[in-house]
Amino acid sequence: MSDAAALREPELEPVAEAAAETPPSIGAALLRTLRRDPAAAIGSGFIVLFALVALLAPWIAPYDPTAQHIIRASEPPSAAFWLGTDEFGRDLLSRIIHGARPALLIGVLSVCVSIAIGVPIGMLAGYHLGWVDRAVGWVVDIMLALPSLLLALMVVALLGASTLVLVLAIGISHVPIFVRLARGSTLVVRNLEYVSQARSFGASDLHILRRHVLPNILGPLIIMATLSIAGAIREEASLSFLGLGVQPPHPSWGNLIRDGVANILDAPHLAILPGIALTLAVLAFNMVGDSLRDMLDPRDLTASDAKKR
Amino acid sequence: MWAYAAKRLLSAVVIMWAVATVVFLAMRLVPADPAEVVLGDQASQEALDAFRARSGLDRPLPVQYLEFFSGVLRGDLGRSLITNEPIAEQIWAVFPFTFTLAFASLAVGALIGVPLGVWTAVRRGSWVDYVGRVFALAGFSFPAFYLGIVLLLVFSVWLGWTPIIHSIRGGGWEEHVQKLILPALSLGLIQGAYITRLTRSAVLEALGQDWVRTAYAKGLPDSVVHYKHVLRNVMIPVITAMGLYTGTILGGAVLTETVFNRPGLGKLLVGAIAQRDYTLIQSGLMVFAFIITTVNLLVDLSYALFDPRVKYE
Amino acid sequence: MKRRDMLAGSTGLALGGALFGIPRAEAQQPRLASSQVLRVAVGVDDIRTVDPHFSIGVGEQPVTRSVYEGLLLFPEGLVAGEGLRPGLAERWESSPDRKSWTFHLRRGVEWHHGFGPFTADDVVFSLDRVRGREPGSPFRNTLSEIETVQAQDPHTVRITLKNPDANFVGLLVDYAAGFIVSKRAVEQGVDLRTRPVGTGPFQSTEYRPRESFTLERNDAYWGGKPVLDRIIVQFMSDASTRELALRGGELHAIEIPARQDAVDRLRRARMVVDLTSPANMFTLHFNTSMQPLDDIRVRKALSHATNRDELLQFLGRDVSQPEYSPLPSGYVGHTSDVPRYPFDPDRAKALLAEAGHGGGLTLSTPVSNNAIYSPPMQVIQEQWKRVGVNLELRVVDHPTYHRLIRENVAPVVIYGAYRYPLTGRLYFDQFYHSSAIVGTPTAITNFSHFRGADAEIEAARFETDPEKQKALWMTVQRKILEEAMSMPLFTRAYAMARSPKLDLGHEQKSWSFYTFSEKTRVLA
């Protein structure tokens, strides 16, 4: 699906390699990026804003987002309802504000799932190589050969839609990216001198992975996670748009767009405005991720590197 | 190289088998089956059983599984459990639509992305670069289905420049092109964002390389260096985009085809899931996996053509 | 009526009408469009089957109703118990005891696509096909009272019933179990699922999966040569696209969502909107096999908490009407003299408190993502919230919903249904008889697990005295509501819109989509 595109970034594996060559201090890099790159500053500003909106939604929103005023259904924007009401007479502004909650929640949690599954597997594959690596490679190839949206549709049909199912469905579909990322970085790190040394001193695999490998791949991991959140937010919206995401009466930008499309002839703003909120949120995460990547990888990698295995 | 291709082809076959197996099992776990979908709410248990017996759904799973794969090996994708139409025909009927959409959106993406990528790389750090970057970021961030809705609203509903129905088959090529514009734009603009980024990186790398510096040193004019030496490298990101985003476009086509009500593989499969048409889903997703793995293979092989540094053992 | 309005409208639009002194006569003698190709769109992704003995989908109706016929025919555009016309049978008579029925078939009727003349063999074959264990028609029950069907000669069929039934011919109309299919076509292996062979005014020419079904005129039609050359039925699941295409002149008729805003908007756009009945009646079934709905006080509380008026306002006054009885108004045996649970939040709260749920109550139930179920359930969800009942809705896709509610896992089930013939029989058999309880082998759609009126329901089946039968059915309705097993909500009309240029040749009062006859035409 379209959203997976952000996640199959060709640039990523080399990023890991580049980063590994100069072990970064991620905090310092972040600060430096923010100071130097306006895009990163704007992006982070937006992320903070969205987080605040999500956190404070009940206090900011003028109405309860699920409260219906059937008598005032489908009204145009007015002083009482700044962005108008939907077919149930619910306040669109309040619904867009509350829509930030599932977006951020599902975006962040699903990426946590992808990391929790993908990174250990990728590290193991990259560290041990051999049959483990080959087996992991097969599974990743199979997952990438299935269109993730169709897969998610099947999962949702199977388990029904709930926040947990959404988090799992989206999270699992992003696992291959993190496997590849962790594997690539581990491959580079395992051959570094100090890691070989540690191994010859008899350090356990687990110790080496945790103490030497993990810190080294943290940088690319954060970049990937940021971009992945952007992808997950879009995917949640896509599933909600197909009617199988966040459950009614709770708003999500995807189901707001879906409901709005049904009324697009009379009230196009019902679909357009939530879409703008959605796009801005995705954009914010992409801007930050993109700037971090530029900063960590100043030499601007090429795609051909990425495809050489 | 041939040995490499053969190995990859073999792995493609294994992937297709695995995909079909996963889908075979998963669909049978999903509640409701074709019998219930076809016969509806007044059907008796007896009628449901009769339907299942007729379409072979009552046999043990291993038997159904073996039968499906022996069919596939004979080149028979089976028949729809709902309408009994041959599945190969259904896929062939919609395939050109998905193919033209994928191709056109890639063309749109390349037409926007390659010039913009070269331009932003050459003018690195200038306002051009900045605008290019903003465009690329915006492109990454626009959900394709939303872009489709906005385009449809503006160009079909408000301006009336493009047709509203995107579903009619037949008609001349003009009609096909007309009905391709908006869907191709909604996927292609996003595609353009990726190609811009990839092209910019490739050009920047090329500009930093020895032979380009040598060319400059020899006193060749900028334009000659840019177009003769650098542009060659541009083929690589475009090809990479083709490979990486075949899956993306085919998958993204699911939503684009839904928004525009355009026939295609994605819409076929979404419909099949809703109707629990097991055989159609299995075969359809196998075809999906086949296309994705084959294109990826072709892309990898083509690197050897365009980039003399790449060799496969 | 409508047709005159529409003609005035169209000429007014085109020429300025009477303003320029154009003679009225001209407006009354409309010219035919040069192209008699009718393009219509239904809101589905694809057909499932157009085999008339299996078809249940709205999107399939324009195909099945144009291609197939019954021994009797409904009045054009109307579903009713009276006014049935001769179709493939020219006349019929019954024995004095109403157990034996003889049908004299129309002569000279030919099957489409050269499958030969229509004969008594086809009638026997068709009725046996519906009645038989194979191929397992969902309408099998409709004809379960038939003992034998015999061809007495090529043009005479005799049907013997197990029990007398004065209204038997009402089952042999052009609907579901009554459609007649070609014996020879089936025996030669024609797949009726996608290649219908009938006797009607239009015959199928092409089916394009997930895109369209094309019909062309049957020049040999016994009722006269149709005016339309072709009918193209397009599958377009998106309502906005359908509407825009109709308004843009790309289509002549579409299915529209039964919502007031859509109806108003299309009327403003000078399209003709038709709202039809009988249509689905929506009922909320309380699953009494589950706590806390096994407590009648809770069921009554939820009934009092539900505000029908608000639901009607939400759906729109033109497209919906309130229902108070488990059997929809207009059905034989319907009574409005039933226990009622008017909207009364205070009473609801008091009943909940009495049942020990004063602190609130949470129910979790699946609901289909289909647009006919999910929105009204969201309105009810909000209404119940106001009395402290938290109804969690788990949206699932439509087939999953049907599976789940039949597996007896849903505490509250919203269900829309319409059953022909329009009597209490099928409704009560399927929704309120103990044999139809969900989760059992003979399950149909008894979601509430009501078993308190089996005696009356069974007695009414074979009651030959119409008045006694009605009285039994009325008792059933009262018993259901005394127990507050379900909450009848509303009937929602089918809605469709067409260009004023489409002259159906009849008034569209029934059916879920327009029906087309040999007289249907496109005006210039």
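Going by the order they are written in, the chains are A, B and C; count residues from 1 in each one.
We take it that a contact is a pair of C-beta atoms (placed from the backbone, for glycine too) under 8 Å apart; a residue touches a chain by one contact, two chains touch by 3 or more.
None of the values given here were measured: they were computed from a predicted structure.
Chemist: Give the label of the chain whose average Cα location is farthest from that of chain A.
Modeler: For chain A, the chain whose C-alpha mean is farthest off is C.
Chemist: Central chain, going by Cα centroids?
Modeler: Looking at where each chain's C-alpha mean falls, the closest to the middle is B.
Chemist: Count the C-beta pairs in contact for every pair of chains, then give the pair with the highest total.
Modeler: A-B
Chemist: Taking the mean of the C-alpha atoms as each chain's centre, how many Å separate chain A from chain C?
Modeler: 46
Chemist: In whole angstrom, how far does the Cα centroid of chain B sit from the Cα centroid of chain C?
Modeler: Using C-alpha averages as centres, the distance is 40 Å.
Chemist: Please compute the C-alpha centroid of chain A, do the same for chain B, then give the distance between them in whole Å.
Modeler: Roughly 21 Å, centre to centre.
Chemist: Quick check: what residues of chain C touch more than one other chain, meaning two or more?
Modeler: In chain C, the residues touching two or more other chains are 244, 396-397, 400.
Chemist: For chain B, which residues are shared contacts with two or more other chains?
Modeler: Residues 30-31, 157, 258, 273 of chain B touch two or more partner chains.
Chemist: Among the residues of chain A, pick out those that touch two or more other chains and give their numbers.
Modeler: In chain A, the residues touching two or more other chains are 157, 261, 264-265.
Chemist: List the residues on chain A that touch chain B in their complex, please.
Modeler: Chain A residues touching chain B: 1-6, 8, 10-11, 39, 138, 141-142, 144-150, 153-154, 157-158, 230, 234, 237-238, 241-242, 257, 261, 264-265, 268, 271-272, 275, 278-279, 282-283, 286-287, 290, 299-304, 306-308.
Chemist: Using the touch rule from the top, collect the residues of chain C that touch chain B in their complex.
Modeler: For chain C paired with chain B, touching residues are 45-49, 54, 56, 133-141, 191, 193-194, 208-212, 234-238, 241, 244-245, 248, 250-251, 396-400, 402-404, 417, 430, 441-445.
Chemist: Which residues of chain B touch chain A in their complex?
Modeler: For this pair, the touching residues of chain B are 11, 14-16, 18-19, 22-23, 26-27, 29-31, 133-134, 137-138, 140-146, 149-150, 153, 157, 187, 190, 194, 197-198, 200-202, 204-205, 208, 233, 236-237, 240, 243-245, 247-248, 250-252, 254-255, 258, 266, 269-270, 273, 285, 288-289, 292-293, 299-300, 303, 307, 309-310.
Chemist: Help me check something: in the complex, which residues belonging to chain C touch chain A?
Modeler: Within the complex, chain C touches chain A at residues 239-240, 243-244, 257, 259, 261, 265, 310, 313-314, 366, 369, 371, 374-375, 378-379, 381-382, 385, 392-397, 400.
Chemist: Under the definition above, what is the set of chain B residues touching chain C in their complex?
Modeler: 30-32, 36-51, 54, 80, 82-85, 90, 93-94, 156-157, 160, 163-165, 167-169, 258, 261, 263, 267-268, 271, 273-276
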